Amino acid sequence: MAKWFETHLPKIVLAPSFIAILIFVYGFIAWTAWVSLTRSRLLPRYEIEGFIQYDRLFASPRWDTAMNNLYIFGALFIGVSMILGLILAILLDQQIRVEGAIRTIYLYPMALSMIVTGTAWKWILNPGLGLEAMVKGWGYENFTFDWLVNPDMAIYTVVLAAIWQSSGFVMALFLAGLRSVDTEIIRAAQIDGIPTWRVYVSIIIPSMAPIFLSAFIVLAHLAIKAFDLVIALTGGGPGYATDLPATYMYAMAFSRGDIGQAAASAMIMMLVVFAIVVPYLYSELRARND
Amino acid sequence: MTDVSATPAPAATSERPRGRSFGKIALRWLLYIVLGLFALYYLMPLFVMLTTSLKSLEEIRTGDLLSLPRELTFDAWRTAWSEACTGIQCEGVKPYFWNSVMLAVPAVLISTLLGAMNGYVIAQWRFPGANIIFALMLFGCFIPFQVVLLPMARMLGLMGIAGTIPGLIFVHVIYGLGFTTLFFRNYYVTIPVELVKAAKVDGAGFVRIFFAIFLPLSIPIIVVSVIWQFTQIWNDFLFGVSFSQAGTQPVTVALNNIVNSTTGVKEYNVDMAAAIIAALPTLLVYIVAGKYFIRGLTAGSVKG
Amino acid sequence: MAPILEINNLYKNYGATEVLKDINVSIDKGEFLVLVGPSGCGKSTLLNCIAGLEPISGGTLRIDGHDMTHVSPKDRDIAMVFQSYALYPTMSVAKNITFGMKVRGVDPETQKSKLAEVARQLQIEPFLNRRPGQLSGGQRQRVAMGRALVRDPKLFLFDEPLSNLDAKLRVEMRTEIKTLHHKLGASMVYVTHDQIEAMTLATKIVVMKGGIIQQIGSPSEIYNRPANLFVADFMGSPAMNLIPAKTQTGSGGTMIEIQRPDLEPIRLTDPRARGLPEDIILGLRPEDISEPGFRVGELVQEAPCKVEIVEPAGADTYVQTRLGGKPLTARLHSETEAAPGTVHNLAFDLAKVSYFEPESGKRIN
Amino acid sequence: EPQAEVLHWWTSGGEAKAVGVLQEEFAENGGSWTDMPVAGGGGDAAMTALRARVLSGNAPTAVQLKGPAIQEWYEEGVLADISSVADAEGWADILPASIAGHMKCEDTWCAAPVNVHRVDWIWANADVLESNGIEMPTTWDEFNAAAEKLQEAGVIPLAHGGQAWQDATVFETVVLGLGGPEFFQKALVDLDPEALTSDTMKASFDQMRTLRGYVDDNFSGRDWNLATAMVMNGEAAFQIMGDWAKGEFLAAGKVPGEDFLCASTPGDGYLYNVDSFAMFNVDGDDKKAGQDLLAKLIVGPNFQKVFNMNKGSIPVRTDVALDEFDMCAQKSSEDMTAASDSGALLPSYAHGMALRGAQAGAITDVVTAHFNSDMSSDEAVQMLADAVANSM
Amino acid sequence: MAPILEINNLYKNYGATEVLKDINVSIDKGEFLVLVGPSGCGKSTLLNCIAGLEPISGGTLRIDGHDMTHVSPKDRDIAMVFQSYALYPTMSVAKNITFGMKVRGVDPETQKSKLAEVARQLQIEPFLNRRPGQLSGGQRQRVAMGRALVRDPKLFLFDEPLSNLDAKLRVEMRTEIKTLHHKLGASMVYVTHDQIEAMTLATKIVVMKGGIIQQIGSPSEIYNRPANLFVADFMGSPAMNLIPAKTQTGSGGTMIEIQRPDLEPIRLTDPRARGLPEDIILGLRPEDISEPGFRVGELVQEAPCKVEIVEPAGADTYVQTRLGGKPLTARLHSETEAAPGTVHNLAFDLAKVSYFEPESGKRIN
């Protein structure tokens, strides 16, 4: 018995988490799938009505906008945050004197609630109040920076603020990765005459592939769930130009009492995630297995 | 040649020229300039928030939002901390702090520890199917919290912990697990397998190896995990508002109550001050935990 | 009494690569088994299999009579020194060493005294409080040794434990290990590349090549009666001279004729060569070819040889000549007058000769 | 001992003080009050919390709810009946009929009204109007003319915040002004498809497009109070906003009638936004007693007066003396009585009084999309009809 | 021409620990410097300093005439084999080796041919596509070598590059390195614990101890004329016999008298001993003490000794006796009849003797 316990200990340790995830994630996804097939409004109901909620969803121009925004936002946000986070981590890794202070400065946006930071960003980006006004005040009358109020560009301001908020964390993640690389190997590369940038590109970064996976998942999660950011910064506007699936879903579920619709949108969101994450995951986990 | 007698150490290192080649110095400067520019980008909103929090409401209404305050006033800070109304009580965010601490500290610790153990199992004690379990846990990170709310409320009701702090801790632990597991697993796969081998031979079992060998090695990733979880939990609003009741509401709900008035007068200075105050514990965590981004924990462990 | 370690028909693959093939070894309590073989032949893998750190792909493995297939490493009661050290990077040297005892619940007093003893033996007292990252290569290796030596297991496994030590220290450590072996009657499996280590420590040597065992025997068996060309060539430094030759059975008994490019063939006589096939390979160690007069014996025979290379090596001088199309090395006294290009008389001690079959490489005498 | 846990989103400043009055009264009557404030998104966050609470079997005693949401919750079978209090207090007599209608679930009373906000206000900077020689407009044409004039004078005619609900607020006043109360009822309350695609509706969108021209370029995402500040500063002349905007003026020390002017938006009718508390099914006599007491106090004259003076709105009871209220409130009250009599007392769609959330939301989507793009009114009308159909 | 490497008064501390003290070495182009010394004496640290991987705490370091203090490792144009291998874990063996060339823009053809050549020399062709994690210890070490050998730097630094190889392979590798040295005229600094490696490869040997250089000289100088007791004891295996003795200058020249416990003192004569202090330490290597008759020379003197231990070691047999209170090892032929407990005549070749001063340990002849 004790022996059985011992050999299965790793599995036993993993089991509670796994079971919890099965119930509280996959059980709930199943629940959501069920609800998405009903006419639930204020509270969930369970009589299946077919795919009406999906029909409604696809008929909604606002959902189209939200999905398009998700692609733009997701790609830019993940891409830029990764690159920026990595660059900052590498720069910080150069034995900087004030590393602690700089690291905290880069990280702190994570600490601030977006409910309020959004307001600050709104002011900064508002052409009449913020940067544009300031630069104009310096005498550059032709300077314009009106993304916030331009329906075609507003989504990029969301990207800007999202990067501001999250890239610091990505940096921290990469920094931890960099610090786990064996120094001897870096030394060997230096001796090999490899320029520093190349050491990073060809030796350190490849050995951090798993950390990239972490960063990617975190960022993808933030992208797909970006919510208070949008609410605080643009409120989805101008119009609903900066709506994202998460805000759409929230609006449906809680402002509008349309839970069936929200469930349908959640299912589509998860399908999108599935389509993007699974191939990456597959290749990443495979590569590690050899 | 065979002089073994100790020669006095050279008169310190001062004789060595401190200066380096011009290119190096320039590069170093460039590095600091780039870092500084990014610091500006990151600090800009904080600057706006800070200056606003130090202005009077009068000045905000009439003045330039980005300008420095004409005269400093700390009223907003005091108000935010202990006087602002968050409902019929007007005691600022102070009373809610404790709730958040009670909630965040255990939730962070539990989820980090569980994540570390899960990551350890998946990375170093591979068994068939471990990768699939990992993938399933990862995918769990993506479940939108909005869809979780209602069934979770029902579950918490059934479990009898609805509206309590343990209930909130439970929720945060569950939905933090995917991330902490991810962080640790991905950190642990880069640690040489020889260490586990050596420890096994030394007679250490699963648990022992984890606590004695892996945990001390994981300091940077613990920092990352703690930063992430603490931020997520401390700043969480949705779960906090849904699964709490009067008396167990976290500080974000208070902050939200101060900030979000639809039909009342907006006091931006208090809002900003409250937001900064609410963020202080997180900042503290960053500063304290940040110290442990140490290089070279694995140094000297194995050859090749 | 059951052998302390018994391996039957053991196979081990990494994916498609067969690393160990049909390994059969057994050692009794108190035996000192040394594993030798070229780099990559599977020595470390075999140790890993014995320790239970790698699952075996076939065969059985028993320790102290018990089947170990499903026993986890920590329950096998073995101590191991890893080729790659595998020190715990965050622990001090002292903690690295005592960790195993602590895990096993040894009382702190004993831990302390064991640590002190081992630290003294290994000469690592000055840096007991350092982390592995702050040690030199040899110091790390000694810490790795220390981790094993404080234990009192059924079986010690050593994977090249002295490779990074200087000669002097190595001799001392060798002595410590030998003492340990005698004192505790401990059973050991030991991988080394150092032939002297192998010769002086082993009660039994296993020679491996490409995952296959070539010969098992006592040090002198291995050295004096190598089972095949590979073992003959592998053991001993400089290696045994392996010279293609022909037997000619005539009136005066069996003659062995060795061709050479510049001089006429050498003819040696060995009564024991009777009945050998015509084509043979004759094996003779450099130290069995010496200057005339320094060697006496029934089968010592002289022949003039053209010296090609002279290589002084401290205590001795090695000279090379060419026989049977192959270079032949002889060990001469360091005051020898042999000079490159000169012809010098060499004495061949045929009492020590080994004969091999050219095709199969097997020993035939 | 009566108990009440009250979920509401009146959290800041004056609002919180106003609720505080209720709590004091409640305590004076021997009750114990547990406060559960959740602000945000005009009550969205509170509704989120409410749902979770209800599902976990732990509903609060009283919840700030309004409009059709009350009936929606009733349909889910979670509301309590407070008819006994209502009958005893004679609510039927003292409340305007249309407002009373919101408080009833089928035949029983299930909610208690707190206040009436008027939505169709237009606020103006007195100095700016004076220096440009402009009167408060009484029709949209007058408004447009005044706006043109102001624009020429370099003043922003209309201070507006580009948030969906603000767009919707303006839109409903335009619909009311151009179509009149009956049309408003048909289009935005009954969602009559004909009305939705009618020429009047097109005209309303046209007017929205015109108004878009009077708004400065940086209006996107602006909070309503910043828009109010623009009027205060004289940067802009008008703002269309509910009477909570008055609070900002007053907080800045401005005097109604002197520094700033209030008037109903061009046209007839009165759009109300009534806050109310719905009572949820709870277990325990103390909680039930709390519900009853709470309902009684909420509609009681003292609370009505004190609360609304603090909040800037007017009492729901028609029998409260308004001497101490400011002139805008008095005007509001007069108008309400008049409108109630003429059947022009209408629920505000933009503030969730007229429609279910899904439908109101669908309309707002179209309104804001139109206002923030160069969509034609024809397209807008078509989209509106589609969206409303899709939201059913 | 400036020396390729010139180190003056170099100091190196790790915190408070002084690891290198006042190091002065210089080597010319084409020289082959071998660093030897006990484990932890600072050899790797010195290489690291030369490579620029560790900042030096004092002194100057010049490569090819240029001050290197502020030059980063990658600009020093050196190749190095690390004691800990330090292979790039994510790259295949082939990429590990070619990566440096690729970065330096060597054209793919050359890369390929270089790789092929080195892979052949190092016998690592079969696993060019594996990752380091899938290699055995010796294979990893050879890959680490390969990474250096494909380069053509100003200076090669080797840190125990052959320690994990079997004897045969080590000999082959040694030959490869020697060939490389000759062919390219490359300059090398080489750390090894293997004395034969040191002897056969070096043009100059540096013996270190505790961070201080003990002697610099050619292999034969170091072997035959050790500068002090430490060097004498350290170099050579088995070590030089160091026997306390007394000089007695009498009529028949200077006599050297060595006490022993069981038999009467040994008296040897050496004309060169004249003028030495009374107390001396006499150093004689085991191979210079042999069986009578096998050794001829002017100063060969015989004395009967009591054999205590007999240790056969393949080619030779070592016997131990006790002289001057210390064990003394003699190397006899492997067919010797010496047996423990018997008294045996040993021949001492005083031509090879070294004298040391007991206090300072310095050589005095």
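For reference, chains read A, B, C, D and E in written order, and residue numbers begin at 1 within each chain.
Here is the rule we use: contacts are C-beta pairs under 8 Å (C-beta built on N, C-alpha and C of every residue); 3 or more make two chains touch, one makes a residue touch a chain.
Remember, it's a predicted structure, so these values are computed and weren't measured experimentally.
Trainee: Show me the overlap between the contact partners of chain A and those of chain D.
Mentor: B
Trainee: Between B-C and A-E, which chain pair is linked by more C-beta pairs in contact?
Mentor: More C-beta contacts join the chains of B-C.
Trainee: What's the chain with its C-alpha centre farthest out from chain E?
Mentor: With centres defined by C-alpha atoms, farthest from chain E sits D.
Trainee: Using the mean of all protein Cα atoms as the middle point, what chain has its own Cα mean nearest that point?
Mentor: The most central chain, going by mean C-alpha position, is B.
Trainee: Just give me the whole-number Å value for how far the CA centre of chain D lies from that of chain E.
Mentor: 94
Trainee: Need the CA-centroid distance for the pair chain A / chain E, whole Å please.
Mentor: Centres of chain A and chain E (C-alpha means) sit 59 Å apart.
Trainee: So what's the Cα centroid distance for chain B and chain E, whole Å?
Mentor: Centres of chain B and chain E (C-alpha means) sit 54 Å apart.
Trainee: Could you state the distance in Å from the CA-based centre of chain B to that of chain D?
Mentor: Computed from C-alpha means, the inter-chain centre distance equals 40 Å.
Trainee: Can you tell me which residues of chain E touch two or more of the remaining chains?
Mentor: 83-84, 86-87, 135, 137, 141
Trainee: Could you tell me which residues belong to chain D and also touch two or more other chains?
Mentor: Within chain D, the residues that touch at least two other chains are 40-42, 45, 48, 51, 54-55, 223.
Trainee: Pull out every residue in chain B that's touching 2 or more other chains.
Mentor: Residue numbers touching two or more other chains: 149-150, 152, 205, 237, 256, 259-260, 296-299, 303-304.
Trainee: Show me the residue ranges of chain A that touch chain D in the complex, using the header's touch definition.
Mentor: The contact residues of chain A facing chain D are 41-43, 56, 59-62, 115, 119, 122, 126-129, 146, 148-149, 151, 154, 231, 233-241, 250-258, 261.
Trainee: In their complex, what parts of chain C are in touch with chain E?
Mentor: 14, 36-40, 42-45, 83-84, 134-139, 141-142, 159-160, 163-171, 193-196, 199-200, 220, 223, 233-234, 236-239, 285-287, 294-295, 297, 311, 313-316, 331, 333-335
Trainee: Flag every residue of chain E that touches chain B in the complex, lowest number first.
Mentor: 9, 11, 18, 21-22, 57-59, 69-70, 83-87, 132, 135, 137, 140-141, 144, 212-217, 227-228, 231, 360-363
Trainee: Give every residue of chain B touching chain A within the complex, in rising order.
Mentor: 31-32, 34-35, 38-39, 41-46, 48-49, 52, 64-66, 114, 117-118, 121-122, 125, 127, 130-131, 133-152, 155, 174-175, 177-179, 181-183, 185-187, 189-191, 205-207, 220-221, 223-224, 227-228, 231, 234-235, 237, 252, 255-256, 259-260, 268, 271-272, 274-276, 278-279, 282-283, 286-287, 290-291, 293-299
Trainee: Taking the touch rule as given, give the residues of chain A at its contact with chain B in the complex, in rising order.
Mentor: Residues 6, 9-11, 13-14, 16-18, 20-22, 24-29, 31-32, 43-44, 88, 91-92, 94, 96, 99-100, 102-113, 115-117, 119-121, 123-124, 129-130, 133-134, 164, 168-169, 172-173, 175-177, 179-184, 207-208, 210-211, 213-214, 217-218, 220-221, 224-225, 228, 246, 249-250, 253-254, 259, 262-263, 266, 269-270, 273-274, 277-278, 281, 285, 288-289.
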